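So the structure is just underneath, and the comments pick up after that.
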Amino acid sequence: MALIAFIGLGQMGSPMAANLIKQGHQLTVYDISPQAVEGLVSCGAKAAASPAQAAKGAEFVITMLPNGDLVQRVLFGENGVAETLSPRALVIDMSTIHPLQSDSLCREMQQRGFSYMDAPVGRTSEQAVTGTLLILAGGTAEQVARANDILMCMGSELVNCQGPGMGIRVKLINNYMSIALNALSAEAAVLCEALGLPFDVALQVMSGTPAGKGHFTTSWPNKVLKGDLSPAFMIDLAHKDLGIALDVANQLHVPMPLGAASREVYNQARAAGRGKQDWTAILEQVRICAGLSPKVKL
Amino acid sequence: MALIAFIGLGQMGSPMAANLIKQGHQLTVYDISPQAVEGLVSCGAKAAASPAQAAKGAEFVITMLPNGDLVQRVLFGENGVAETLSPRALVIDMSTIHPLQSDSLCREMQQRGFSYMDAPVGRTSEQAVTGTLLILAGGTAEQVARANDILMCMGSELVNCQGPGMGIRVKLINNYMSIALNALSAEAAVLCEALGLPFDVALQVMSGTPAGKGHFTTSWPNKVLKGDLSPAFMIDLAHKDLGIALDVANQLHVPMPLGAASREVYNQARAAGRGKQDWTAILEQVRICAGLSPKVKL
Amino acid sequence: MALIAFIGLGQMGSPMAANLIKQGHQLTVYDISPQAVEGLVSCGAKAAASPAQAAKGAEFVITMLPNGDLVQRVLFGENGVAETLSPRALVIDMSTIHPLQSDSLCREMQQRGFSYMDAPVGRTSEQAVTGTLLILAGGTAEQVARANDILMCMGSELVNCQGPGMGIRVKLINNYMSIALNALSAEAAVLCEALGLPFDVALQVMSGTPAGKGHFTTSWPNKVLKGDLSPAFMIDLAHKDLGIALDVANQLHVPMPLGAASREVYNQARAAGRGKQDWTAILEQVRICAGLSPKVKL
Amino acid sequence: MALIAFIGLGQMGSPMAANLIKQGHQLTVYDISPQAVEGLVSCGAKAAASPAQAAKGAEFVITMLPNGDLVQRVLFGENGVAETLSPRALVIDMSTIHPLQSDSLCREMQQRGFSYMDAPVGRTSEQAVTGTLLILAGGTAEQVARANDILMCMGSELVNCQGPGMGIRVKLINNYMSIALNALSAEAAVLCEALGLPFDVALQVMSGTPAGKGHFTTSWPNKVLKGDLSPAFMIDLAHKDLGIALDVANQLHVPMPLGAASREVYNQARAAGRGKQDWTAILEQVRICAGLSPKVKL
């Protein structure tokens, strides 16, 4: 049983806090909405008049807030957590915020002698209710170990993201990839419809290729990730196929801005002399455009 | 045992033709390269001096050529297949060509009283050698049934793509999706590296979400594909997360042209009043931008 | 002669403040850099220990700061301008900041009973020294009139942007257009080089067309801006020409991400049924994608 | 007075041919449309039954056709120009076609001992009627000199584009730039509208800056074109301003795909170490992405 301050009782925070209470922890809660606070009080929590009051005497302080400026204010603002926090307590920010702001909050906490970790969550509000969230724990090995039992009251799976700030980073990467992929998938599906191809046929085929399974575990591991750019499928040919797809799409009036952008990425890769390399060399190409040092010899 | 004309003996065509011979079929082959022809002759094929000569008396004519203009010339040019082809023969184009050009070849063949189907292949030249290609068969049910045994001499899996021109269409969609996805995946991986996040941690998380599994079989089936746009994850929030990712990427000097293009797709979806809809509504949004009729009520 | 508080003595602010002194005004200055303050004191300014002290008794308060958060803090933070400002004074923010943040600062000032206007500047630090800046004055007619003589000590040209917040808006639009146009111009020039075309020949031709003169004063006024979309040059043809240019660029390895994005804009315009309209109908198309009401009947 | 074969009597070709007749030249014309031919016959032209017949005895052969494949067929197809052309005649292709195809036609003609030049036109069908087209003459000095009087019967201005294939190249560059610029201008104008800024105010300001005047004759000549990348306006600041504009546009629901693409170009320029260089260094950056050798030292 732990003494926990929980700050931020929104659509996610409220059921998460309730699950902590159900597991026997003693909660003091704070939110700007009196109704949200009342909801938790009726579950057995104590209400606090400010973040500072909530944090007083707590072993863990959990924040679940809409953005980083609010986390900043809750920690360091007037009547903020930092005013009463014990140096032995662990602050766990479970909000989804800007990772570079999370880093700066972490530094500020350390400079003041406090312990701070990031642990944003995956999945949705349904899983928050059933306590089956995915917890992305960013912190030192010691912090993650210490927080583990608390966090597992709210989730069914915890990934140790291997260091401070890594929870919020993996959340960002995962969301970026899935949100942009959604738009790309829509382009493919609409081109499919415009071509009069039954979507289930396309699905059947794509389910066995990187189109459906992604590249991370299919085309990349034995090629670019191992430093082998000898071609299984050449960039020149991939570029040509993209050109045909865009040509068809433009004939059929299907706008494909992501497809058009990707063709120029391959175009630039060819300009850089990669035309005869494996298509997974695009990873190396994008790395170099980002100013990173080459990993694989050209 | 069938009499087969095989035209186009490149990196793919040569081993495919050889596999047909191994299975007991009698082949007459044609290619502009005498060496390629000799290679097959040494396996037991007869050499023809032209496509017309190869096609004479054949039950099946298979073309495996680099582009549609060559298929056009091989079929309808001087000394082309059409000059000698029997109306009872079946022509199978296994080349990867422009689908609208494939349609026009198919029409032209029908008008001349010939039978033509498309059956491009998936996988690589290694699988061509081992006879384990993926065959994407586009044709009438009767054509696909008739070609099945022949095609399965070259491949280990055949997908009946449900109609003339559908093989070449599914090839295009699959390649478009996987090639563009490769570029998007590179953006995510490079952002990961720039953020100092171990790639295996990112992989572990993404392997359980649409970021790694794609949307076709995860987020879409119970939402947009069923006509339900009530939000599990709102477009407004997806748009916000993309904005954070791009902001971080721009701070860290990671160019993300696909990410930038996708943000504008979400931006336009919000302008169209979809901000509170589920993120899978992007499919419907892209459909409408392509001039298609709405499937789901706003 | 006016009593002026000048806050923000950077590369632009210092010479601007110096020019006010030269024209006989009495300045009290503040900056976080003591050296910057000393520089102005040696020109005849008084030093203030805080924005509040600088603003005390001033008829005009001018801010010239790197971003909107700093303007916010200078006005409303501890020892900020608002603590001592006279309700009869006029605050002129000459910084280049986010326009929606400028609006919110303006509202906040009004709510506190103060007078605030925006007047960002065009041109560079050279013109700041010579007092020949372009002043983009956003404010009520009365504010602009009152500020005119003060502003003209720093600039040689003043545009009355016709309302509060309009100076900062026009700055944003102008910079957006010129910065993005720079990237587009580079694509055209590099394609020119890759094609082996002498740049001066291209320049000679473009100097007489919208390519060099822009559309605002050439193709638009008699067409889309008048509501006439009858084609002088059809969207279908413009789309075709873009396709050729991108095809050439992709053959010659010239990446053109802006060109590729623009082709998809025309693609979408065609999907919306605008193929036979004048190319200036793109303006109307983009308006509608932004959720604005049609101005011109389809 | 010259004997001229004119092939291609469409919306542009017909009035161009008519103007040649008015100036006293003797025309033999060919088109697939009998009506188009009749129209010219009624003006005084002779009708030919094929390109070959038209070209027989002609001193000049002018082609004005919709695409390069047609020019190819008219020259080298059955009953084509090449069958009857005199080696002393000059063939002038005035069509707008793919420049690399134009090069290949030119080579083919030379190999057969014929003289061929490109001279596409600028402006519209109105100017074709009034004989005030802009003629973009690509050819040797001798060819351009020889064609000059003929071409000036159809246009009011001739630009000697300084070499074979240069007319068609300059046409492509000019059209690319003006068509893509149209889309970019629409983004700026719609952002202007969404911000509530009167367009005439924006125009007034932009008319004095590169936003309205373009970069070719303003920001570039004294900077990147002279090899000077010392900053008048730094890439870092341009990148920041683009970020603000995109942020505002995304708040206001104005999709700006070209703006988003351009931000990633600046992003990549910063990754390449150009943040403190002048914004005109984007030209050099794009050159290098296209695989060209650096002109300016970093």
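Should a chain be cited, it is by its letter among A, B, C and D, assigned in written order, with residues numbered from 1 in that chain.
As a working rule, a residue touches a chain if its C-beta (ideal position, glycine included) is under 8 Å from a C-beta of that chain, and two chains touch if they have at least 3 such contacts.
According to UniProt, the chain labels map to these proteins: A, B, C, D = 3-sulfolactaldehyde reductase.
Nothing here was measured: the structure is a model prediction, and the numbers come from that model.
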{"item": "Between A-D and C-D, the pair with more C-beta contacts", "value": "C-D"}
{"item": "Chain whose mean Cα position lies farthest from subunit C (3-sulfolactaldehyde reductase)", "value": "B"}
{"item": "Mean-CA-position distance for subunit D (3-sulfolactaldehyde reductase) and subunit C (3-sulfolactaldehyde reductase) (Å)", "value": "32"}
{"item": "Chain centre separation (subunit A (3-sulfolactaldehyde reductase), subunit C (3-sulfolactaldehyde reductase); CA means) in Å", "value": "35"}
{"item": "Chain centre separation in whole Å, for subunit D (3-sulfolactaldehyde reductase) relative to subunit A (3-sulfolactaldehyde reductase) (CA means)", "value": "47"}
{"item": "Subunit B (3-sulfolactaldehyde reductase): positions in contact with at least two other chains", "value": "247, 253-255, 257, 260-261, 264-265, 268, 271, 289-291"}
{"item": "In the complex, subunit A (3-sulfolactaldehyde reductase) residues that touch subunit D (3-sulfolactaldehyde reductase)", "value": "257, 261, 268, 271-273, 289-291"}
{"item": "Footprint of subunit C (3-sulfolactaldehyde reductase) on subunit A (3-sulfolactaldehyde reductase) - complex, ascending", "value": "239, 243, 247, 249-250, 253-257, 260-261, 263-265, 267-268, 270-271"}
{"item": "Partner subunit B (3-sulfolactaldehyde reductase), residues of subunit A (3-sulfolactaldehyde reductase) touching it in the complex", "value": "96, 98-100, 122, 124, 134, 136, 157, 159, 161-162, 166, 169-170, 172-198, 201-217, 219-220, 232-233, 238, 241-242, 244-245, 247-248, 251-255, 257-262, 264-266, 279-280, 282-283, 285-287, 289-292"}
